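Right, one structure below, let's go through it.
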Amino acid sequence: MRQKSPWPLQQKIGRMMWGMVEGGVFRFSPHNAYPWRAMLLRMFGARIGRNVRVRRSVHVEIPWNLSIGDHTIVGDHAILYCLGRVTIGNHVTISQYAHLCAGTHETHSREMALLRPPIVVGDDVWIAADAFVGPGVTIGDRTILGARASAFKDLPPDVVAVGNPARAVKAREFQVASSELRVQS
Amino acid sequence: MRQKSPWPLQQKIGRMMWGMVEGGVFRFSPHNAYPWRAMLLRMFGARIGRNVRVRRSVHVEIPWNLSIGDHTIVGDHAILYCLGRVTIGNHVTISQYAHLCAGTHETHSREMALLRPPIVVGDDVWIAADAFVGPGVTIGDRTILGARASAFKDLPPDVVAVGNPARAVKAREFQVASSELRVQS
Amino acid sequence: MRQKSPWPLQQKIGRMMWGMVEGGVFRFSPHNAYPWRAMLLRMFGARIGRNVRVRRSVHVEIPWNLSIGDHTIVGDHAILYCLGRVTIGNHVTISQYAHLCAGTHETHSREMALLRPPIVVGDDVWIAADAFVGPGVTIGDRTILGARASAFKDLPPDVVAVGNPARAVKAREFQVASSELRVQS
């Protein structure tokens, strides 16, 4: 028999309320209303750093499972499917239509019990357009997950990974100017 | 010359009416209104089994080409592009953003004539998040098509297939408890 | 430090106005209102040929960077992300959910400066369902990019390419009848 709903009542009510907020004043806010959307996410328990730009067409499944560092941008139509915890670092770029999926199922029986392995995205990472990050995956600092790439295993820092499943194909050349470190870190 | 529309008038009217229903009372129904959405699909000729849960954000291209067995769930934003017949078994899980595409084109000339090879999904299958099932594909009982995997050829029963194009990489361990068989089959 | 917005004020106003038109009278136009949508795109600087069919659910990021030849169709939910120029030929079929992405970033520093390499799609090409064409890519005449395939390098004419990253796996057999050449070219 398929599993009963695994969500306690309080979570269900919270998710229903978030659904109404996301489909209303979040989705239809002005393009540049980044502080407004950050405030809405924080009201529902997300940790959102300074100078974070989340576009209005982004989908956040459960905001209280979401943590975003400073100076990070989440592009149009990105999907933050945070059934489990999703932790995104500082200076991260998540491009349009990218999909971070922190949920899966136990597959040995018809129950298909929900599992919620966390996702961690390091600092200065770029998750490019339409890329996919699977449940339980950690992406190391400064790494690039290329457009349409799909990561199902951890990626080390400082690589460029492409394909489905994603594999590291080269090192990322990256330099943080010392002026930036003084100003922003 | 590009082919004229291959659809007779009756089909066009039916599709237009379904478009209005899907974009209205289907899409904006309450989250848990599964019996209501099953009824709407049946009104437009779909065969929908018992205890089927189709989320309100699902897209069904032509409902009278759709057949879904018992105890099956179709997740948010899944695309059932049933230009041809799409037959989904019992106890199937179709996760969010999965795309079943029962249409293609004859490619030897500019006519690009529409072809509509059927799709068949067996019992106890899991089509995971954002996976793609191409035209003419049959997926065997209990098989898992992993997240973001794209199947263009038949998959046998009892395997786990990943990648693009999808290939079976291991067997699926799966057991139906005898109690479940008595209660639900 | 992340780059300041690279868009001059005039472009920002134009994009805001297009956003309102696309989200309004374009998106909610009748299914067959192809001349109306072509006219709207032309008003915003797109070059649209004769007998072009752009579905109402298509997204065009910056219409004045878009050029479409004659007798071309752009399917439902296709994404023409023309930050840079996107040039689509004659008799092209772009299927549902395909994504042409003419934008990327300079990745050597936190600035992540926006780059906008152009995309060129030749005549008689088919970009199949949910395929992806990356920045800077040219697709040769008559070539097919298969469903869910993702092209990051140029594809020659007359091939069928599949997978992620997409690779040519066979030749495309294609014949334009001499009657068609007389009537339409």
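Order of writing sets the chain letters: A, B and C. Residues in each chain are counted from 1.
Please note the rule applied: contacts are C-beta pairs under 8 Å (C-beta built on N, C-alpha and C of every residue); 3 or more make two chains touch, one makes a residue touch a chain.
Not measured: the values here are computed from a predicted model.
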Report task. Tell me whether chain B and chain C, two copies of the same sequence, contact each other through the same residue numbers or different ones, using over half shared as the line for same. Result -> different
Report summary line: Rounded to the nearest 5 degrees, the rotation mapping the CA atoms of chain A onto those of chain C is 120
Query raised in the report: If you average the CA atoms of chain B and of chain C, how far apart do the two points sit, in angstrom?
Result: 27
Query raised in the report: Touching two or more other chains, which residues of chain C qualify?
Result: 150, 164
Report task. Using the touch definition up top, name the residues of chain C that touch chain A in the complex. Result -> 1-2, 16, 19, 79, 81, 99, 101, 103-105, 107-110, 112, 132, 134, 150, 152, 164-165
Query - Interface residues, chain B side, partner chain A - complex - result: 31, 71, 73, 91, 93, 96-97, 124, 126, 128-130, 144, 146-150, 162-164, 172-177, 180, 183-184
